[in-house]
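In what comes next, chain A is part of two complexes: it sits with chain B in the first one and with chain C in the second one.
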Partner chain A sequence: MSTFLNLLVYGLADGAILALAALGFVLIYKATSVINFAQGEFLLVGAYMFYTAFVVLGLPLVAAVLVGVVVATLIGVLVERFILRPMIGEDPISIIMVTIGLSMLLKALVQMFYGTSPKSQPAILPRSSVEFLGATVPLNRLLVILIAAVVLTAFTIFFRRSRHGIAMRAVADDQQAAMTMGISVRRIFALAWVLAAVSALIAGVLLADISAVDQNLAGFGLMVFPVVILGGLDSVPGTIVGGLIIGLLTQFVSGYQDPGLATVVPYVVLVLILLVRPYGLFGETRIERV
Partner chain B sequence: MSNVTATGIYHRTYASELRLRSTRAEYVRLGLMVVLLLVLPFVLDNYWLSIVNTILIAVIGAVGLNILVGYTGQISLGQGGFMAVGAYSSAILAERMGMPVPVAIVLAVLLTAAIGTFFGLPGLRLKGLYLAIATLASQQIIEFVIRRWGWLTEDRGYITLDRLSIFGWTLPRESFEQSWYWILMLLALLAVLAARNLFRTGLGRSFMAVRDQDIAAEAIGVNLTTAKLTAFAVSSGFVGLAGALTAHYTETVTWEAFTLNVSITYLAMIIVGGLGSIAGAVYGAIFMSLLPVLIRTVADVVGPAAPWLSNQLPAIQNAVFGLVIILFLIIEPRGLNRLWERMKEYVRYWPFRY
Partner chain C sequence: MSTATGTPSPGTSGALVPGGGPGAALLSLNNVEVIYDDVILVLRGLSLTVAEGQIVALLGSNGAGKSTTLKAVSGLLPSEHGEVTDGTISFRGEDITRVDAAQRVTRGMSLCMEGRHVFEHLSVAENLVAGAYTRSGKESAEDLDKVYEFFPKLADMRARIAGYLSGGEQQMLAIGRALMARPTLLMLDEPSLGLAPLLVQEIFGYIKRLNTETGLTVLVIEQNARRALEVADHGYIMEQGRIVLEGPAAELRENPDVKEFYLGLGEEGGRKSYRDVKHYKRRKRWL
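The block that comes next holds the complex of A and B.
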């Protein structure tokens, strides 16, 4: 029972972070129909930027988070303006490849500046654990779930209520119609990349705090694909459900079966979902016309 | 017959249009190419010859990938996995089951084609982005199998192979690279010729129709299921050949040689070279294989002046790879092949711009 509870909390924490990473991915896909293979590297860059501000420059926590957000915003804007905008109207293959190129570049830059060895960063979230129904549950995992839930709720409210959020949904729905209503599609594209970079920053910092600041953070980015396919490529609630399912699944498989197997199970789920229900649990079914 | 005029090349008969070469310049270039290929092993030392040999293997793999991605429009991120299938099956058949190497390679090619077709099944319902993600999953699943399935390597994690011997003739140690050059050159040439001719047949044309507009292709009588699955089979066959040759040439097989990075490198080859062109795949394979060599050479030259550079070499190499992919896609999405065509046109129409 205690193993089960532990795995449950670990799985929910992983799932919450996955949902945050997947949120950025879905935002970009919804608004700009670009598949961003560099989402994992956004996590990586976010975590290292925070590390630089927090540990290297010695800024207080809040200032370090602000620096991280500013840098993430900048990266989002630059990537959209100089890499993705020239690619508008190209084949999907070209757009996929350009984000793969971007991911190689970002990862290599991080490696050049910070090396490959893991960096030590003082714990942000408390490392103590709490007794809960007879199981010892680490407090920081619980806090990760809480923070991710708050951030995801904030994003959801942003889409439902704020002007920019509604404009983003309008662009995702129909670009031309949105333009006729006076929405600047370019600005929305930039906004989507910025929000994706910021949500990846939060995910990266949380992930780095419960694991370590090192190059492996980028590998987490590939796990985004099973999540978004399961939840539906263009569905924000889908990322939360998909993230939690994949997070729990990997933790339970790794706890009860074999940690190695846990790395491949999400992809098996991905293939099955693609064969049975390609648009995922909450994705919008598209009918194709010639 | 065809006419070469200042405004372009015009064909007067169907036969002339179907020919692979129609101008005198093309025959001259073919002649130069043949001379170059014949002379190479006698002028290059073993180091450069080994680079040429890896390029030749890459050419086979890139041509195979271009059949699927460039000509049929089915995005595949599973190249590394399919090469692994070819390499492992050929190595196991030849080493452990004691089959003659050519037989093992042929069987490996067939097996890779079969497995490629299996992983192509999602392609029947999916396209574009979804297919890319599905093939990413196939890459991860194959990678998992070759890493964790101990039976494949008898729990050693790697397979070592003997020096190549074909029906009793073992490659002499002193002319190892030269002999491999002739074998690989012949096979690469066959692969290029086969691929080039494939797209003069009805089957090849049906692949292109599927790429351009699959619904319309279906309307004019192309069987989508057959076309897509054959494309996966043919392409994986080429890729399996490249994998099997890698195994026998390097004489070791480990999973590290077939990761997702390999898939990405091959995709980069066909994008840098030019999607949907056999010549482009060849240019891209040459370019992307020479790039790391070039970076290493530059690092060696300026190495003493900047010692930090040699530590950073892997990172710099990845950064350059990423940058090359991005720049090519933004500046010349149709790759080196298009640049070469533009150069030829510039000369042909000179002094006019177009």
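The block that comes next holds the complex of A and C.
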């Protein structure tokens, strides 16, 4: 029972981080139809930016988070403006190639400035444990789940209620019609990249805190693909459910079976689900009527 | 009534008084030429004027360039690889030929695209909020109530997903959404497209009411010339990228050529089938 509870908490924490990382991917795909293969590297860069502000520059936690957010915003804007915008109208394969190139570039830049060995960063979340239904569960995982839930809720409210959030969904639905409402499509594209970079920063910082500040962060980001295909490329609630399923699944398989199998399992489930539901679990159904 | 002969002949509408006020030119296109993809010439020196406070109908057969005209006015051409290569478009006396689309909305024009184009995955209320993108939150909350008051049906369906509304409901939503930008000029591209005759009448009723009750200026494209000329003050008829005929709606309704080609009435007054009209059209063109 205690193993079960522990795996549950670990799985939910992984899943919550995956959901945050996948959220950025889905935003970009929904608003701009670009498949961003650099989402994992956004996590990596985010974590290293925070490390730089927090450890290298020695800023207080809140200031370091703010610096991270500002830098992530900047990266989002620059990537959209100078890498993706010139590609508007090019065919999807070229755009995919560009995002793969971007992922390699970001990874190389991180290696160039920070080297390949892990960086030590003091723990931000408490390392203590709490007793919970007879099991000892780590507090930091519980906090990761909480923080991710708050951030995801904030994003959801943004998309449902705010003018810019609704405008973003409008652009995702029908670009030309959005233009007739005076919505600047370019600005929305930039906004999508910014939000993706910021959510990846938060995911990266949380992940680094429960694992380590190193190159593997980008590898974890690769799991975004099973998550989004499971949840549906264009569904925000889908990324949350998809993230949690993949997170739980890998932890349970790794705990009860073996860790090697756990790395394959997400992809097996992915194929099975695609066979039954090609748009993923929550993919927007194409509305068809006259 | 004047029949243009290739050169623009404005002035017939008596709507070229500069400055504001009813009767002044709100929108004018002067010898506008539009080319798509650098080679496809669609508008060939089109000139027209929309006077403030009027309903102006733009009529013409399929492919004449009516939608292109509205896209040129609202600045949507760049997104379709089109470009105004000659001539000027001015709105409220200012040249807007090169102004970007979002700016034009802020300056007071709103376009309802052909085929409604509601945001299918957004609710009715969210569609309307999106329409008010250029306005402040407080103003748009007021306007939302006004739109619901004007289209009570939309108020009942505010939480429904727009993609599942009927065609008529979607058209009301598209018009309501365009109104949320609080335009001085509303442009409608075939609002009756695909609607049953009764609904067409309802939609045109709304257009007329908007014009009389709020003084909104309307430029409307229609295939159904009869319906359009009933509500319009002034009409323009397009062929192959040019205006070939224009005049007050009442005069156009009585014009024998218009009757024959656009109202589907022959000399003897009987209704002609669309096929016959098409056939005639091939033999006799406007120019």
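In the analysis below, the second predicted complex is superposed on the first by the 284 of 290 C-alpha atoms of A that agree within 3 Å, B and C clash if a C-alpha of one lies under 4 Å from a C-alpha of the other, contacts with A are read in each partner's own complex, and residues count from 1 in each chain.
Definition applied: contacts are C-beta pairs under 8 Å (C-beta built on N, C-alpha and C of every residue); 3 or more make two chains touch, one makes a residue touch a chain.
Keep in mind that what you see is a predicted model, and the values were worked out from it rather than measured.
Trainee: Touching A:Q175 in the superposition: chain B (first), chain C (second), both, neither?
Mentor: Second partner only.
Trainee: Report for A:E90: first if it touches chain B alone, second if chain C alone, otherwise both or neither.
Mentor: first
Trainee: After superposition on the shared chain, which partner residues are touched by A:F225: those of chain B (first), chain C (second), both, or neither?
Mentor: first
Trainee: Does chain B (first) or chain C (second) touch A:I166, or do both, or does neither?
Mentor: second
Trainee: After the superposition on A, what does A:I124 contact: first (chain B), second (chain C), both or neither?
Mentor: neither
Trainee: Specify the partner with more touching residues on chain A, choosing between chain B and chain C.
Mentor: Larger number of chain A residues touched: B.
Trainee: Check whether A:S184 is in contact with chain B, with chain C, with both or with neither, and answer first, second, both or neither.
Mentor: A:S184 contacts chain C only, not chain B.
Trainee: Between chain B and chain C, which residues of chain A are contacted by each of them?
Mentor: Dual-contact residues (chain A): 290.
Trainee: Which chain A residues qualify as touching chain B in the complex?
Mentor: Its residues touching chain B are 35, 83, 86-87, 90-94, 96-98, 100-109, 111-112, 222, 225-226, 229, 233, 260-261, 263-264, 267-268, 270-271, 274-275, 278, 288, 290.
Trainee: What residues on chain C touch chain A, complex-wise?
Mentor: Chain C reaches chain A through residues 74-76, 79, 101-106, 110-113, 117-122, 126-127, 129-134, 137, 161, 163-164, 167, 177-178, 180-181, 194.
Trainee: Give every residue of chain B touching chain A within the complex, in rising order.
Mentor: Those residues of chain B that touch chain A are 69, 73, 75, 121-122, 125-126, 128-130, 132-134, 136-138, 140-141, 144, 147-148, 213, 215-216, 260, 264, 267-268, 271, 275, 312, 314-319, 321-326, 329-330, 333.
Trainee: Any idea which chain A residues touch chain C in the complex?
Mentor: Touching chain C from chain A are residues 163, 166-167, 169-170, 172-184, 284, 287, 289-290.
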